[in-house]
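Structures incoming, each one as structure tokens.
In the two complexes below, subunit A is the common chain; its partner is subunit B in one and subunit C in the other.
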Partner chain A sequence: MPNCLVCYKWTLDEQDIKIKSEDLSLDSSRAKGKISDFDRNAIEEAALLVEKLGGAVAALSYGTAAVKQSLKDVLSRGPEKSYWVADASAEQADATVTATVLAAAIRKIGPFDLILLGEGSSDLFNQQTAPRLAALLGLPCLSFVNKLEVEGDVVKATRKLDDSVEVVTVKTPVVISVLSEINKPRIPSLKQVLSAAKKPNQELTVADLGLTPEDLAPKAVRKSVKGFVMQRKNIIFKETAAAANVAKLKESLASLGLS
Partner chain B sequence: MAGIFIFSEDRALAAQLLTPALELKAALGEPLTVLALDAAQATELSTLGADKVLVVGDSATWIEGLGEPLAALVAHASVVLVGGTLRGKHLAADVAARLKTGMTTDAKAVRIAGGKLVATRILYAGLAVCDEELPLPAVVTIRARTFLAPTTTTAAAPIEQAVAKADARVTVESVTPTSTAGVDITAASRLIAVGRGFRAKDDLKLAEDLGKVLGAELACTRGIAEDEHWLPIERYIGISGQTVKPELYLAVGLSGQVQHMVGCRESKTIVAINNDERSPIFEAADYGIVGDLYEVLPLLTAALRK
Partner chain C sequence: MANENEDKFDAIVVGAGPAGSACAYTLAKAGRNVLLLERGNSAGSKNVSGGRLYTYALELVEEGLYQRAPLQRKIVREQIMMLGAESAMTVDYFNPAFGGNDAEKKAAQSYSVVRASLDEWFAGEAETAGAILASGQVVDGLIEENGKIVGIKVGEDEMRADLVVAADGVNSLLGQKAGLFPDASSHAVGVGVKETIELPDSVINARFGVTDAEGAARVAIGCTDGISGGAFMYTNKGSLSLGIVFNADQAGKQKRHIQDIFQDFKMHPAIQALIEGGTSVEYGAHLVPENGYDSIPKRLYRDGFLVVGDAAQFGINTGLIIRGMDLAIVSGLAAAKAALKTTSPADLGPEYMRQLDELLLMANQKAYRNFHHIFEINRIFHGYPELANDALQFLFTVDGKVPTPMLKGLLNTVRKHASYGQLAADGWKAFRAL
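Let's turn to the complex of A and B:
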């Protein structure tokens, strides 16, 4: 019966972020928080495993003070308990910092047989946290998993890679990152949402975890974040007669040597 | 601390990494070492400007398990460039953690400024672009076709063996190449990308017919591949799919969501056909036709056939 931990990130919903036309800066004032897309698959996979095999699932997140908004959501998706580290450093954290904080928290609240994460976060999509966490904890890592089977202490994972599908086995404990295809995350029922409010959560402070300001300072520092704007010709043919539009497009393609 | 190192198990990508690596070599005045997966790759890469080639494994090596030995080999590096395949990204993050260094994933450009590495990458699935500044040593992954391989050859660099043992805790049971029916759409110079504007799988024939006339391959949105299964997964363009840079990208019946466009926005020319004039695809297009694809495609096919 596996003792599982899922790590997740509380991110801004990128659908609500707008690019300001005057200076291309990002306006996230209307963006709501969400559990990062791929992490929802990790939470679902842990919940499915425990429903099938028994065991337990806890959740862990590191974020700014906003991470507290995620507790009810994550607990309605299966985990029995959630741990959270809220610190202003998360605003500028890179994968070095995130993995360091998560590793410190796991040393305190662990050990776990399976540690699951999404392949990357919806905002930064660095795809680094799982391998980094495994390296820091001295555990093997199976990344980009789209099928997971656990039998006793043996984990069999199918990994979907660029040009191949690979099946690997490893003994627990192990860190696993999952792809979005692995499952379809549940939409929590009213009962699950209500029971989430009664489940325990525990704050871990960076001081509790013995983390220094140096541990919390990013190595990769994000500068000059700008909205991406396409520089395109935007020549649009929209006459009522389709044939006229087609003739103009044919002419344009010919002028580029593309007909 | 000195030296620039590159690694990719993908041969074409390893050669492409040499282009930014040679620029970093010039900027930092440090030697460039290629970490080659096997002897064949070592020979191939030895004449593209590197100072030294180290052979770290063989074709059977589980790349992701090389973190510990590679971290030891690059312990004194300034910059490590790793090919951004999924295996490469896993390995690079492992190495970066062991070296306690920062890492940029999928850099579009790299340069040295003020003694630091500055790497450009995208955020929020392509909505934004940012520069990341990393102190040296730094690890960077770069995806295929971000750079062209160097075209000038040099005298062959010395090739040495460096024994690297992969993590033995993980057992590879099987590796099955993904069937792509022999078509690599990332190599196609012209693509027709289809989206939900098509009402049925059979209707894709309209795009196929145009493709035959234009000499273009079919690509698609995630919905067409993953939800409808009308085209193989390998043909979908987007943040978690393929990234392409063709001469011509003809987007038909797709709205141009940022998650899709990030995979094609470096195309030379983008053409859109969509019945909704307000669709964001027109902002991303050089040329466009507002109209019903069921009417426009046959007309366009006939017009181009003449």
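Let's turn to the complex of A and C:
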């Protein structure tokens, strides 16, 4: 019966973020929060495992003060308890900082047999948090997992790699990052939503975790974020002969330094 | 406020629109154990309403509550527009008194609102007051025992309560399931299309002659291709809401699609000038209660069950003022008050009706009872707007030619659009309706 932990990120729903045409800055004033897409798969996978095998699943998140909004949502998806670290440092955190905070929290609330995460977050998609977390905890890491079987303390995972599919077995404890195709996250039922309100949640402060300002300072500092808008050339070649069009296209590409 | 018995609530309110949230808020404030269910992923996400809220309704729920609400602009300009083919006549009534009094903290009479944010806010207020809000939940049935409604079904889950409040909007499924009324009939509802167009506030201010905090509300006729109905336009912060509500019966028989008629309206030179350069960010269509008092179902309750808001067909449309949200809030409040006042299920319904009277909702509905007969005068939508425009064209034209004597010219204009007999008949009809 595995004792599971899922780590998730509370991100802004990218659909609600608008790019301002004047300066390409992002307007997220109307953006709602959501559990990062792949993390939802991780939560579902842990919930399915525990429903099948017994055991327990808890959730852990590190974010800004907004992370508190995620508790009801995450607890309606299966976990029996949620832990959360709310700190302003999350705004600028890179994967190193995030993994450091998660690792510190896990040392405090763990140990766990299985630690599941999404392959990457919806907003940054660095795909680094799981491997860094595993390294900090001294655990094996299985990434790109699209199928997971657990029997006793043996985990059998199918990893979908660029050019091959790899089936690996490993003994718990282990850190696993999952792909979106591993399952279809549930839409919480009314009873699950209602039970979420009654489940416990616990705040962990960075001070509780013994983290210093240095631990929370990102190595890579984000100076600004700008939207990307595709600027099309809108050139149409209208020669009757195809060869003439090709010649013009070639000329045009050359003038752009693309030949 | 979790109940010991997980599956039983004092009240389940279905629908987190203004009616449902007003009801849930009031009950939760009084310490009742309330479940507020919303079909959309968040309250307001399913809404298409144009967006003006008369503040008195929120004041009835709780004094000063409006100050917390995400209101857009206080409406100080009331505008009526009659569209000709290319021309337009606009009556603009400016009254700063409608804007309330900031020094005395007096609310403006009405504000433009964006329902996505207003509904989310109000449901959040109910939640803060202690109600449990669950979104993304579609209620598909009622639990009935011994002739009493005792709960609801959501998928495979059943949830019980002493009171179920149907705030599930126009075409209320729950009201139908409870056997209180049939599916909405096409003559009792309007069909509305609405678009939200983003524009910088400075542009909105200049085009409508308002300051940042102030706004205009406009109604327009002569833009429905002869179908009974009219357009509306509200100024928000950073956007305009505009749309047309059509008589559903006539729209159904019409060859052209209503979205095409709406497109023509947007392309009318007088409207185009107002929305030009804007970005369309939202487009939707919805049914609207249109018929007023006579369409309100005879019974709005059963034992353990009350119907509020659009679900009860509360709505007033005089052509000049369009009301729905305020009546929804008042009816939600009435339902909550009735629940707080009674202990026996049999007393609940009659007490609800008494509260609707006491809060003057029914008196308001009755006062405008015959008003919708005016809209049976088809020339209001096709004929008279053109007449008004032609008359003004005649009055304002200067071309150096010998002018037609004024009275004669006006009478000629009138005769072009309607016979004296028609005028007399329409006048009589309007007089009777008023």
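Heads up, the rule we're going with is that the second predicted complex is superposed on the first by the 233 of 259 C-alpha atoms of A that agree within 3 Å, B and C clash if a C-alpha of one lies under 4 Å from a C-alpha of the other, contacts with A are read in each partner's own complex, and residues count from 1 in each chain.
Quick note on the criterion: contacts are C-beta pairs under 8 Å (C-beta built on N, C-alpha and C of every residue); 3 or more make two chains touch, one makes a residue touch a chain.
Everything numeric here is computed off the predicted structure, so don't read it as measured data.
S.K.: Quick one: classify A:K32 as touching subunit B (first), subunit C (second), both or neither.
M.R.: After superposition on chain A, A:K32 lies in contact with subunit C alone.
S.K.: Who does A:A197 touch here: subunit B (first), subunit C (second), both, or neither?
M.R.: second
S.K.: In the superposed arrangement, does A:L258 touch subunit B (first), subunit C (second), both or neither?
M.R.: first
S.K.: Between subunit B (first) and subunit C (second), which does A:S189 come into contact with in this model arrangement: first, second, both, or neither?
M.R.: A:S189 sits against subunit C, while subunit B stays out of touch.
S.K.: Looking at the overlay, does A:S164 come into contact with subunit B only (first), subunit C only (second), both, or neither?
M.R.: First partner only.
S.K.: After superposing on the shared chain, does subunit C or subunit B touch more subunit A residues?
M.R.: B
S.K.: Inside the complex, what are the residues of subunit B that reach subunit A?
M.R.: 10, 62, 64, 67, 85-87, 89-94, 96-98, 100-105, 118, 122-135, 138, 167, 169-178, 180, 190, 214, 226, 239-240, 247-248, 258, 261, 265, 269-271, 277, 282-292, 295-296, 299-300, 303-304
S.K.: Please give the residue numbers of subunit A that touch subunit B in the complex, ascending.
M.R.: 14, 17, 19, 26, 94-96, 99, 122-136, 140-144, 156, 161-171, 179-181, 218-228, 230, 232-238, 242-243, 245-247, 249-250, 252-253, 256, 258-259
S.K.: Going by the contact rule set out above, which residues of subunit C touch subunit A in the complex?
M.R.: Against subunit A, subunit C makes touches at 2, 6, 35, 37, 42, 132, 134, 136-137, 154-157, 159.
S.K.: Inside the complex, what are the residues of subunit A that reach subunit C?
M.R.: Residues in contact with subunit C: 32, 187-191, 193-195, 197-198.
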